[in-house]
Amino acid sequence: MSFRNPSRRKVLKIGAAAGVTTLATPYFFSRGAFAQSMDYRNAPQGDSVTLGFNVPQTGAYADEGADELRAYQLAVEHLNGEGDGGMLNTFSSKALEGNGVNGKKVAFVTGDTQTKSDAARASAKRMIENDGALMITGGSSSGVAIAVQGLCQEAGVIFMAGLTHSNDTTGKDKRANGFRHFFNTEMTGAALAPVLKNAYGTDRKAYHLTADYTWGWSQEGSIKKYSEELGWETVDAVRTPLGAGDFSQYLTPVLNSGADVLILNHYGKDMVNSLTQAVQFGLRDKQVNGKDFAIVVPLYSRLMAQGAGEAVKGIFGSTNWHWSLQDEGSKAFVKSFGEKYGFPPSQAAHTCYCQTLLYADAAQRAGTFRPSEVGKALEGFDFDGLGNGPVLYRAADHQCFKDVLVVKGKENPDSQFDLLEVVEVTPRDQVEYPPELLGGELGPYNDGV
Amino acid sequence: MIATFSRSDWLLLIAFIVIVLTLPWTMQPIGAAYPDLLQKFAIYGIFAIGFNILFGLTGYLSFGHAAFLGVGSYAALWSFKLLTMNVLPALALSIAVAGVFAFLIGYVSLRRSGIYFAILTLAFAQMSYNLAYSVLTPITNGETGLQVRAIRDSAATSLRDGDVRVIDQFLGIPEIGVPISNLFGMKMSGYSGFYFCAALLILGFFLALCISRSNFGMVLKAIKSNRNRLEYTGVNTRPYLIAAFVISGMYAGLAGSLLSITDPIAGAERMQWTASGEVVLMTILGGAGTLVGPVLGAGVIKYAEQKVSSWNEGILHNAVALLPEPLQDLLVWFFSFFVGEGWHLTLGLMFMIIVIFLPGGLMEGFRRLRRAFSGGRSADSAKTATTSTVQEKS
Amino acid sequence: MAVADIPTGETSEREFASGVPDKVLHIDDVHKSFAGLHALSNVDLDVRHGETHAIIGPNGAGKSTLLNVCVGRLPPDRGAVIFDGHVLTGKTPHEINQLGVARVFQTPEVFLDLSVLQNVMVPALSKRDGPFKLNPFAAFAGETEIRDEAEAVIASVGLADHMRDTASSLSRGDKRRLELAMCLIQHPKLLLLDEPTAGMARHDTNATIDLLKRIKEGGMTKVIIEHDMHVVFSLADRITVLAGGRIIAQGRPEEIKNNPKVKEAYLGEEQV
Amino acid sequence: MDAIFLQILNGLDKGGAYALIALGLTLIFGTLGVVNFAHGALFMLGAFCAVTLNRLLNTSFDRVNEAKVDFLGKPLVEKVPYLEQWFGPEVSGFLLDWSVPISLLLAVFVMALIGVAMERGLIKHFYNRPHADQILVTFGLAIVLQEIIRHFFGANPIPQPAPDIVAGAANVGGLLGLGDNVYYPWWRLIYFLFSALVIGGVFAFLQFTTFGMVVRAGMHDRETVGLLGINIQRRFTIVFGLAAVVAGVAGAMYTPILPPDYHMGMDFLVLSFVVVVVGGMGSLTGAVLAGFLLGILQSFASMTEVKSILPGIDQIIIYLVAVIVLLIRPRGLMGRPGVAED
């Protein structure tokens, strides 16, 4: 990622423009301007429109955040007609023409969520209040996503969630101004179950280790629900403290519990550590009840899986997207990302890129950036060509429904990126659920006036 | 009591009020004049002032003050959920709950001093954080954080997911969607929220000034100076320490309450030890034991967290756009270590430099500057400067 | 600060007949040993009202231990210390001070960060307001009466010019004066002085003797632990000699001067 | 029964790591009187010595393999380690496999250097400053160190596998005649032995050498030792170096158990302080004792049987024990009065 890369520099300069202009504008003037067009919050005044990219730049998910930021910059480039256009060329909607959105150049500001709700909200508020951002996107954990989504609802801007896997984001805590492209634990459960059945049969005893917070519980619940439907028995579900580091004291009881499957409802560093250590304890090579012992990691992240190294081999899990997919959209995205940065994009990068494109497309189709109009353009939107096959943005809960990938740690990887192989693409209709299932209420749109 | 303020105290108070109230204008050139950051300046200023009452005056280093901040936030949120969206009950409840919590923790922790005290407070705060994140989720809503919700339809909905707000319902205050915290109808977001926080900051500063100038404050300073001597002077230091601990806990509770008032969500990470560390850093950065220092330190750290972290390479390039290309690249390359994602590095370096060269924090830096400017004139003025140091500190 | 951690032992306050009414301090059969070593054994001592009582003895005689037992820092293994009808044994230092016992330390202990005036105000207020008073709004700056008195006491010890200086800027001798002022403002019934001239130059020592003599004229009861015989014989009305934790002699200065036992105990010590 | 035996093993293993970090921390505190908040960062730096060695061994040149394609469909550019080129795959494979144990050599050297540089350049100026200043400056240093590491190695954990031969689990039950159901990872057993060795070594060093005697005397009464005309300053530097080396090798050896990332130092910092304080500031035996005690208690508190009685106990056990110990024994298990109380 060299600073000499000319195209990147150009984007950066445009990206910075918004920040600097607002920096120099006394707030009374900008408030005055705002007052003149009391249309909606942060209605763009000049010839550019500012988006806010709120990603973790410090803390455990900093690498994931950095990858998200790369994807955002790429998306902005493509929207402004630079680079090779990426998935704009394969996107089923042809509203965008590569000359910005609604005739305005796309600029952006960035912020650091630190993977903390408080910091993320503060950062988003800065982008809304100070930098005039009219859409916030990003994030690498569900707590943060829900917190920022709530904020955007109050402030009256659109929130396009980044990597957030908890059901609550578009369930209990859904908001009219918030949209999610990423999948959730419910879909993971539905997608994994048939694969697990094929691989391990219906007579299995599962032992859960679950990160002791909302996402972990939600994941554990979904897997239990679907695996028990298969006929699996849940031997025990043990909660582990977030950031436990050493999981040995939770792993040793597994050995003598009579279980023959270990399900690690962990993400990030917890997943890396618990998986590495589980393999060290010989769980992957054991025989129990006359069967090979199996480990399952419901939510995989390739970036994080790199940290577990060899330990991921043969371990099943689910993922939103993977760079090895061979559809046109994925290929176009991998190509333009890979040529710019020298390595393939992660699923976090993919979902963030898609969200930016989807937002821009909706605004273009709506002909305005007004949140309620953009939202309506997204609601019930059917599209294709963004790497996941045909997708629906469901109106009832602002959740995308698409095929879910079931992946497995690759036995003989070709390169450091080649860690996972797609074993099954669970079709969309198998992972769909009624919107009432997860509760919550969207409420009305808020345009911020 | 007010009669006991010296002229310089009055000047200090007036200057403080003027500076705080004009922040929306004076902060413009550095891009910090927007409501959220201004609110944070005021809120963390209150937190740091309160922390300084314990640490700056008595010298007891608590590593667990974030626990009171967190408890205050949760208390305010529950007041919103159960009673009313009016902020006054929330404020009162937060301060009271934080005070009680601080009393319990202080009563136990203050049996020890020095590092042992620091670790005890750290242990209590970490226990609060760990429990709030996991098993206490019914009260705290764990990772997601406690939020204000619409009035619930039936008693079957849990209180986390649906509110009751008995006072508002009784008064028949209408609600559309999720309501906003308010002070008798004035909403507490944006600039009105800032001025509300600013008013409380000024009040908090005034109280701290009173305490600092009072006999009570003098005894606290004597504890820091020589606790053993104080015991032989007939003073029972333990209740003084507990009182200081509770007062500073209540300040933290107030700050936590304001966090919830300006932004109605409360998360457990507010209680983490790093959050406790942050207020220590603010206080030391500005100057422990001084009145203005902690507020200044809070401002600097919040500014770094919000603004320095947002300066990406693009903004850097614009900042040095007038320079020739290679030089630009070099400068941008160099500074990109310290801004954007590198802002933690800046913070770390800043602390090292301050602690190594300016043990009295930024306030000592200002004093030295002042002395350097006045020192040239006469030996007398140098002496006044030293005595005014005492004045300032006392 | 370690005081609070020391087990306080028997704290029940027994009724003690104060015996002779002019006895201010009565040390009754005090024993104290550290790890089997007898620091004090069988110590009986009476201090009369208004007298200056010196306790002398060679190094390790148990002088400091005795003082520490008196101020509540060390609990005795046996026996009791009765002051003015109160049993001091088991009381905390601040309680003992509130009863009217003030103490000057071996190395001057003052509040280094506070000004001279504040250093004196702290004991003045603790005398007036008791061991704890929570009123964050009351400031002595507004209370002329008590402040005037403090300023007078400071002037009386010769620190009038340093009223607003921080204590840390004072010389060692001045710190000692300040510490004395801190005790005097409380008008204690009993003043305990632990080697008040230790480490001082002759000039400062003489100045301190003068100061203490002036206090003596005020009729305050004092117990001095001292090494320097010059000081002892300048000030003391009565002297108790400790050696090996026991009292070996007691009496007026001239009696002590000629006591063979005392000479024996001090054999080899240059000062006698 | 097996379960309890395994939890004891877990506790010993965890305790070994805690004790190693706490040992250096309390050594620095006891001799130099400095509260070193950068000690976690030293642990992290040690771990990154292992990563660095691995990277060095993997230093490679590009070779285009026309037969394969990369993710963009271009000919695959393979990275060929120079080692492989020079010594053949067998030697390089062996070196890479054993890189973690080999990295101990690097860690000893690098950490001694870092330790001495840190003491000479920064710490010695803080001997007479208040503990709060020491905490802050070393905390600042810790942030700086970890940000530098992040700059070069990123934020994600980096796997460092143990040598193949000890990568799996040992049939401990079989070895001890407890039946065939008790397996424990070889590397963790090695780590426990390793920590016992290092602890023993440090104790022997302090107990049986003249240097150690002076240091112990210095821990007891610094002024007197200084008065004896012994150059205690130079010894302090060496002690700090020693503490850094202990933390460093502890970190390097821990990498197969916990893939290192830039933040791991902070994660261990609070914990190691709790261990030191529970043991008693400045007490070496206390630190070791407390390390193992907390490790074992943590393991037991995590058992489902215990958690069902006291929900969430495993989240707070460490802190709870710290509070209880400090309230019953004011200066920790083995602390001396007057130390670190102001």
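For clarity, chains are labelled A, B, C and D in written order, and residue numbers in each chain start from 1.
Definition applied: contacts are C-beta pairs under 8 Å (C-beta built on N, C-alpha and C of every residue); 3 or more make two chains touch, one makes a residue touch a chain.
A quick note: this is a predicted structure, and the numbers were derived from the prediction, not measured.
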Neighbouring chains shared between subunit A and subunit D, ordered by label: B
Chain pair with more C-beta contacts, B-D versus A-B: A-B
What chain is most central when centres are computed from CA atoms? B
Greatest separation from subunit C - chain, by CA centre: A
So, what's the distance in Å between the C-alpha centres of subunit B and subunit A? 34
Provide the C-alpha centroid distance between subunit C and subunit D, rounded to the nearest whole angstrom. 51
Distance from the mean Cα position of subunit D to that of subunit B, given in whole angstrom: 34
State, to the nearest whole Å, the distance from the C-alpha centre of subunit A to the C-alpha centre of subunit C. 73
For subunit D, give me the residues that contact two or more of the other chains. 312, 315, 330, 341-342
Using the touch rule from the top of the page, what residues of subunit B touch 2 or more other chains? 111, 113, 130, 133-135, 344
Using the touch rule from the top of the page, what residues of subunit A touch 2 or more other chains? 58, 62, 66, 212, 239, 241
In the complex, subunit C touches subunit B at residues 1, 3-4, 71, 92-94, 97-98, 102-103, 105, 109-115, 118, 121-123, 125-127, 129, 131-142, 164-166, 182, 186
Subunit B to subunit A touching residues, read off their complex: 24, 28, 31, 33-37, 40, 130, 133-135, 137, 141-145, 147, 150, 161, 176-178, 180, 189-190, 259, 263, 265, 267, 269-270, 305-307, 309-310, 312-319, 329, 332-333, 336, 340-341, 343-344
Within the complex, which stretch of subunit B touches subunit D? 55, 61, 108, 111-116, 119-120, 122-124, 126-127, 130-131, 133-136, 273-274, 277, 280-281, 284, 288, 337, 342, 344-345, 347-352, 355-356, 359
Which positions of subunit D touch subunit B when the two form their complex? 35, 122, 125, 129, 131-133, 135-137, 139-144, 147-148, 151, 266, 270, 273-274, 277, 281, 311-312, 315-316, 319-320, 322-323, 326-327, 330-332, 340-342
Please give the residue numbers of subunit A that touch subunit B in the complex, ascending. 3-4, 9, 11-17, 19-20, 22-23, 26-27, 57-58, 62, 66, 109-112, 116-119, 121-123, 125-127, 129-131, 141-143, 146-147, 150-151, 153-154, 166, 168, 172-173, 212-215, 239, 241-242, 439, 441, 443-444, 446
